[in-house]
Amino acid sequence: MKIGFVGLGAMGHPMARRLLAAGHQLCVYNRTAAKAADFAALGATVGETPAMVAHDADIVFSMLLDDATTEQATFGKNGIAEGLLPNAVHVCCSTISLEQARRLRDGHAERGQTYVSANVLGRPPAAEAGALFVMAAGKSDVLDYLEPALQCFGPHIFRVGDDPLQANLAKLSLNFMIYSTIEQMAEVFALNEKAGTDPRKIFEIMTGSFYNAPVHKNYGKLMVDHAYDTPGAPVTLGLKDVGMFMDAGGDYGVPLPYAAIVRDRLLSAVSAGDADRDFVVLQERVRQESGLT
Amino acid sequence: MKIGFVGLGAMGHPMARRLLAAGHQLCVYNRTAAKAADFAALGATVGETPAMVAHDADIVFSMLLDDATTEQATFGKNGIAEGLLPNAVHVCCSTISLEQARRLRDGHAERGQTYVSANVLGRPPAAEAGALFVMAAGKSDVLDYLEPALQCFGPHIFRVGDDPLQANLAKLSLNFMIYSTIEQMAEVFALNEKAGTDPRKIFEIMTGSFYNAPVHKNYGKLMVDHAYDTPGAPVTLGLKDVGMFMDAGGDYGVPLPYAAIVRDRLLSAVSAGDADRDFVVLQERVRQESGLT
Amino acid sequence: MKIGFVGLGAMGHPMARRLLAAGHQLCVYNRTAAKAADFAALGATVGETPAMVAHDADIVFSMLLDDATTEQATFGKNGIAEGLLPNAVHVCCSTISLEQARRLRDGHAERGQTYVSANVLGRPPAAEAGALFVMAAGKSDVLDYLEPALQCFGPHIFRVGDDPLQANLAKLSLNFMIYSTIEQMAEVFALNEKAGTDPRKIFEIMTGSFYNAPVHKNYGKLMVDHAYDTPGAPVTLGLKDVGMFMDAGGDYGVPLPYAAIVRDRLLSAVSAGDADRDFVVLQERVRQESGLT
Amino acid sequence: MKIGFVGLGAMGHPMARRLLAAGHQLCVYNRTAAKAADFAALGATVGETPAMVAHDADIVFSMLLDDATTEQATFGKNGIAEGLLPNAVHVCCSTISLEQARRLRDGHAERGQTYVSANVLGRPPAAEAGALFVMAAGKSDVLDYLEPALQCFGPHIFRVGDDPLQANLAKLSLNFMIYSTIEQMAEVFALNEKAGTDPRKIFEIMTGSFYNAPVHKNYGKLMVDHAYDTPGAPVTLGLKDVGMFMDAGGDYGVPLPYAAIVRDRLLSAVSAGDADRDFVVLQERVRQESGLT
């Protein structure tokens, strides 16, 4: 297949390489041209604009930072929508707000174009290994058509529903699960620490018994290690995610008290000067409130 | 070893059988005598009071319903403390408040007696299979001495600390993790359901990706099945657990906002007439707030 | 003075009349022309666009519904900014987000124009009576200049600070005080009702003792009367207000747990079908959670 | 009338003096005898025990610190219940838990004795001036009988209901209104302070407009003055009050999210070392979370 890929960041880069490795004919675009250049050496072509990438593709993936960059790359000047062929599909993998997902869905529909959301779970190493979890939503026959391409990212393609927004919301939901699990563990760690028990001991019991999911192991480990400065995702990203999740609650009239508490923790982390540290640092707000230093 | 066991309820019964099966000489007591009678046929002796059970034992386990029954069986008339031999140990496995655990610790200490908390994680089938997780806290040499007996309950003995209360708090903490994971998933399920996605689909993605711990699988399954009337633990038990966890927060000056939210859900469940249903029914409060019926 | 007034809604209409009654030369604009027509009969002139209203005025007030209408009337085609004279002042009285207030402040500054925020507290009858409370923020000498005009709205001009945004935030804050007082009273009323006490009795005690501010009296009365369908402000307006307040918390890194709870109540009210009822209906969510019907 | 008064603390002392000044024949008791001695000089008699005070009285008031002291003075050895005459009434004015109020009501009923709760609002200076607000609950004819005595405390006797507990809950409710108003104002003050506005300015606007109840004026003033060390009521008292209010919510199945937040603030204040400072210091937790120092 002829595939276009727009956005070669920490996630997009390895995802695009997986497509190339699977033998697809690839054309890439990145705002910072240097990252795209790597691909030329590997046999991909480099488009000068998202429109040019789209112009010759059956499928165009986009994997960008946020709402604004996605909007610009899609409907801006020389955007994907300008070049997308009649039978081609735009597959957006970015973690974006439902509002932006709605704009993509409706904007493409107005132009008679086909659009699908395919969000992924996993970090860059999983992307390199083709071990991401993919949550796709859109018309069923389009998802059938995309299946082989999506499987380059990971063996597990979860189909969430017919409306692309359903995949976006699933993604926001699973990210929220991370933040709220951190708060949960933070309350437990702080209380046990004040009672004289090393949180590492509680972490060992958790992960050695019924709380042994990756979400517990990975984030719990960072928490007991106070590893706030390892290269991970910052507080500001957490705030963006939780904000989008709460906005979704606003759209559908769903109260989300656990999300509200996490938002407040992250805001407090910003005020404490921790905006750029790993979001597990929210634990420090729980510790400070408890008189732990 | 000569072992006494006080309290042969849903958990105590299989735990005591494990000790017997391991070849220990067992003397049991249960307030309702019928349950103890089963044990006579298996070669155990039956004591008429907790004191009599203690009178001839190296180790006396107690596994009772709550603070009041534990206090009565320990320091009440004909209680364990009356019969406990100078070199014997009382090991309390009940899920009790820190206040009650303090009374046990201090009450035995005043009498020059040895006391240890050994709480367990797991349901009756795990107790039968000797697959419980044990969290023990008390003096190190006493725990060494107890190790072979505790291993009858499960292969994993986590040592939480020197102070018996540390095990009790660990137990309350891990129970809280159940309730707060239910709230977490309930918010996610409700929001996705309002957006048109079957919660079963989200459950499948969760448990198929990074949220695949027993806590997610077991309770999430009950939630998506709306299985509120299966034989499980009722809302009232959840309220008791969360109350004891919040009281511990009160003791140590630790704010616990997630616990407070769960408490409110459970109170609301009681007001909705669901006091005796499985505590996953708290999900219905989240659903009602969201306009789902 | 020559005064322009843009926006003749429920609040703007009586405010503009106060200016006219005080002898100011008034030119008005309203999107729906009929409302402006009333003013012609009273001796005001009617501008065809906000720009035309501004073109001949020393001071231009705007009192519009929200961010979008304010933005459009100010910087849109034929907006205030197009007509504002070099020495004139735009005074925005609308309840808007800090983001929009920032756009007004900065947009006028870029054009070398003078801008001030002057928010008001009070309902239409108070506006008619010139009994509003005015919170003004902007350069001190400009506020001196505006003082006589502002006093047409009410005798009390509170000067909040030099930055116009400070008045907008004060307004959002005082509105939040309304919603959170309702939640406060709702919790008290529900608990006492379940204990067998008529909330009217509690309301009588409150307002007869230390909780006798207008915020208690006015909203408490609606609550005990279950007066959810009197012409007041709807749930949707409450949601907008609380949302803007929480966004301000986001801007400045301030956790606002009470605001988050109110937001959730209002969202739940929307899901219950009460979007258009008076926002005191949020009390019903507290009642339902408590098993009151 | 012959009146007994048990408990001559900061509130009981001036309340008893009011009764004496009104010409009632008074017999007093206080655990610390010195305080009672003052009364002898004023013409009161001093009883050696609560029972002795009760033995010769038509009405016995008790105004004690908490549940335990009230229980002891009522049903303990030489307690009020031992001496209470057949036609006499015990009127408890203490702020106690509903559980303790239930014990008083039921314990007196078992003994065939008459019991009424009469809680008061106001601080010691108001007690001296006979300007307290009284909330009484009990049988109607008993309240009629008590009316003249109660009016010594304040002109306003609110009758809450037939069940004494209703007065106790009203009292706990109105105290909760204090704490939640402090949290409300604290969020507003912190946010405006971060936006550059002196909280004093916001306080001035609040109390100059619709938020001018004593609860706003008195506590708001302490807050903007950071007057945490004036002789007032400490954090520990706030915790006790909020705990009793939340326990009442537990009794009646009423979720109380605002109360839970205040409890957490007060717990955090304890952990910050502020247990003995005035409870308005809870504001500092809001400020710290917001990065204000």
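So that you can tell them apart, the chains are marked A, B, C and D in the order they are listed, and the count of residues begins at 1 in each.
In this text, contacts are C-beta pairs under 8 Å (C-beta built on N, C-alpha and C of every residue); 3 or more make two chains touch, one makes a residue touch a chain.
None of the values given here were measured: they were computed from a predicted structure.
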Labels of chains that are neighbours to subunit B and to subunit C: A, D
Relative to subunit A, chain with the most remote C-alpha centre: D
Centroid spacing, where centroids are CA-atom means, of subunit A and subunit B in whole angstrom: 38
Centre-of-Cα separation between subunit D and subunit A, whole angstrom: 54
Per-residue overlap in subunit B, given as positions that touch at least 2 other chains: 194, 249, 252-257, 261, 264, 268, 270-271, 289-291
In the complex with subunit D, residue positions of subunit C that touch it: 121, 133, 135, 156, 158, 160-161, 163, 165-166, 169-170, 173-174, 176-177, 180-181, 183-185, 187-188, 190-192, 194-197, 201-202, 204-206, 208-216, 218, 245, 248-249, 252-259, 261, 286, 289-291
Partner subunit B, residues of subunit C touching it in the complex: 194, 257, 264, 268, 270-273, 285, 288-291
Subunit D contact footprint on subunit B (complex, rising order): 239, 243, 249-250, 252-257, 260-261, 263-265, 267-268, 270-271
